[in-house]
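To keep things clear, I will list the structure first and then write my remarks on it.
As written, the chains take the letters A, B, C and D, and residue 1 is the first residue of each chain.
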Amino acid sequence: MKLNSYIDHTLLKPTATKNEIIKLCNEAITYDFFAVCVNGCYVALANELLSDSSVKVCSVIGFPLGAMATEAKVFEAKNAIAQGADEIDMVINLGALKNKHYDFVFDDINQVKKAIGDHTLKVILEISELSYDEISKASSICVDAKADFVKTSTGFSSGGASIEAINIMKKAINGKAKMKASGGIRDYDTAKTYIDLGVDRLGVSSGIAIMNGTKSNSNY
Amino acid sequence: MKLNSYIDHTLLKPTATKNEIIKLCNEAITYDFFAVCVNGCYVALANELLSDSSVKVCSVIGFPLGAMATEAKVFEAKNAIAQGADEIDMVINLGALKNKHYDFVFDDINQVKKAIGDHTLKVILEISELSYDEISKASSICVDAKADFVKTSTGFSSGGASIEAINIMKKAINGKAKMKASGGIRDYDTAKTYIDLGVDRLGVSSGIAIMNGTKSNSNY
Amino acid sequence: MKLNSYIDHTLLKPTATKNEIIKLCNEAITYDFFAVCVNGCYVALANELLSDSSVKVCSVIGFPLGAMATEAKVFEAKNAIAQGADEIDMVINLGALKNKHYDFVFDDINQVKKAIGDHTLKVILEISELSYDEISKASSICVDAKADFVKTSTGFSSGGASIEAINIMKKAINGKAKMKASGGIRDYDTAKTYIDLGVDRLGVSSGIAIMNGTKSNSNY
Amino acid sequence: MKLNSYIDHTLLKPTATKNEIIKLCNEAITYDFFAVCVNGCYVALANELLSDSSVKVCSVIGFPLGAMATEAKVFEAKNAIAQGADEIDMVINLGALKNKHYDFVFDDINQVKKAIGDHTLKVILEISELSYDEISKASSICVDAKADFVKTSTGFSSGGASIEAINIMKKAINGKAKMKASGGIRDYDTAKTYIDLGVDRLGVSSGIAIMNGTKSNSNY
């Protein structure tokens, strides 16, 4: 298995500096990762650094709380695409989901998808905050709203990906969207377990450790 | 001392529901707090609920990481004002600050200030991530960029307000901006300590506990 | 698979009350779990409550830091056995392990094992604090010191069990001891994954949720 | 004010190595701190290193959960004294306190005090887990049980010392015991604030930063 091609090489801590982003991009080229995943303020830089490579640029939107106004999510997504992002990882509106305001949750996602057209949209559920029923319902809404991926976690909440959540997501999605597992995946065996479960992409900040079989203590 | 008039009554957890925001607003009216502080998706609701009161609406921008593109911060701030926000609490770009890209940090703040005009702008430093020198330098940049307030913390990082940080901020600001202490302030004596040090506003999710002399375990 | 027979039903939070321990023991009887795992102050109570059942009593020693003097670990273990504990989960001395004082690490474990005789000794490595090499070395020392089980985590550190760590432990142990996975195991699929990997016991505070296919947010 | 004489220079993380303890002791001599505070496995080493100095050795007992059996706390305390500890910082039994089993809480403390005679006993309340009423009641029990100090926090829970808690403790203690503030005290101004409130001792891992006016990110 070519594990590298599943990896979004990720650096989202707010104190990340320009040099750390340069290092991230260079590593992504060296290991031929699928993408780098960065905060909005570094999209233009990543795009410039990766322009001659096949590594894509992924940016987060409404991150990590997902509680931004829909209009702001739409603008942020369009702005990221304009600055060179290939893919968008947005956070679902958790309060509306908890409140069963499913029309709002759908619309929040669907408007972002419409704004970015053919670009890939991943929707982060933040599964550590959700019941099994909420994970299932949220996954279905993502499919209805034309999300390309359903993603487990931001890496900034109390927990990351879990096997159970992936299984629930898979059942709810029923082949109509892809899955990205993220949060707490720090080693090769765990990465492979998720891929064997059917995950299409891995969001990891420990990509180098995973590829080299060493160990990381990162929480993402 | 009328402690209530110092308080931004705050609810920023991403899972907050509509009913929790309604409760927050009603409490703010009952206790005559200065403002409520909510995520962007609840600005319109809070504005509607508080329209007949003197309680102001404060919204957070680029929250809590501060790593959004400047254009997205500007749009999010304008959008919040359009939906009824009176005050804007934005997070500083921590990576640029760490990198000593002070022009970027200044511009990130100044563009938001220009976009919101006379509305109050508070800039969150996230002091738990900064050295004393960085707190001092960031405070000076905030003043130069026409911020109305320098604020300590988001409540989503590893630590909140500290006495030392307030003293450093006060010295750097030198009377040219106000100060907001936030993060970990959960009781009357602590609130009073910060006010005695010269703080002009308190961001607390424990406003009721503080006013009633009881205890909260909230982290904000 | 009879998942229940793999479970140490666990409640170790320091604020746990007598009624919570009574509930824990009753649940263990209802679900026929292998054991309950409690802090030392509740061993006598659990022993009394479970005397007519097949559910065993497990107590933690030097918990959760493992930095107690060896003499104190030995006494605490003997005292727990005297009060009715069937099994002992002690924490390895992490500082000595980091320092490569392997004789000390061995002796710390071996003295506890000698003190409790035929009673089962599990040694907690706290894998979130260790490199892969340290996990491997610690597992070997546990085998040499006659531990019956090597266990991953306390549930009080930054991370719990991981698939990679189990695989490393398995290789180092080479069939000469059993394995207990603990920390962050909150659902049936994850529990089953660990058992399929060869784990002999699961330390979980979400035993009921695991058996019923619902969800827990507990960190243990 | 000679701030150094108020400080218990503290290193309690479980991975602390021998060299880190040697450094801690040397720093304590250089700055003439009141004591070092270490885990039980390092008492003998600290005692040896500090034998020619006036710096005292303080060890923690039942740390940090306080849920050990009373017999084990008593043994651990006596063992620490035998190995050279001058002072004992034990953790109160939080479950019994929550359960209003005040006789048990009293006895747990009083037996340790009897076991160590004239040596100083500090009792850690872990105020982040307690209501104001519980802080007050626990402080009174400490006084009745002949504790020499009431101490706020372990540094391993969700929060550290607070001004309000100190004020509540002071009122309940009414001059019949001393107070130690610990947890989250990382700078000179905060340290001085606590001393001005009447605190007699500070447990800090940032002693050097406090003395030099620089900044630490330690949680203790």
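In the analysis below, contacts are C-beta pairs under 8 Å (C-beta built on N, C-alpha and C of every residue); 3 or more make two chains touch, one makes a residue touch a chain.
Please read these numbers as outputs of a predicted model, since none were measured by experiment.
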Report summary line: Any chain touching chain C and chain D at once appears in the list none
Query raised in the report: Which of these pairs, A-C, B-D or A-B, matches C-D in more than half of the residue pairs in contact?
Result: A-B
Query raised in the report: Of all the other chains, whose mean CA position lies farthest from chain D?
Result: A
Query raised in the report: How big is the gap, in whole Å, between where the Cα atoms of chain A centre and where those of chain B centre?
Result: 28
**Report entry** Intercentroid distance (Cα basis), chain C paired with chain A, Å
**Finding:** 34
Query raised in the report: Just curious, how far off is chain C from chain B if you go by their C-alpha centres, in Å?
Result: 44
Query - Residues of chain D whose C-beta touches two or more other chains - result: none
**Report entry** Pairs of chains found to touch, sorted by chain label
**Finding:** A-B, A-C, B-D, C-D
Query raised in the report: For the complex, which residues does chain A have touching chain C?
Result: 128, 131-132, 158-159, 162-164, 167, 184, 186-190, 193, 213-215, 217, 219
Requested in this report: Spell out the part of chain C that touches chain D in their complex, as residue ranges.
Outcome: 12, 14-20, 39-43, 63-72, 75-76, 79-80, 83, 91, 93-96, 98-99, 101, 126, 129, 156
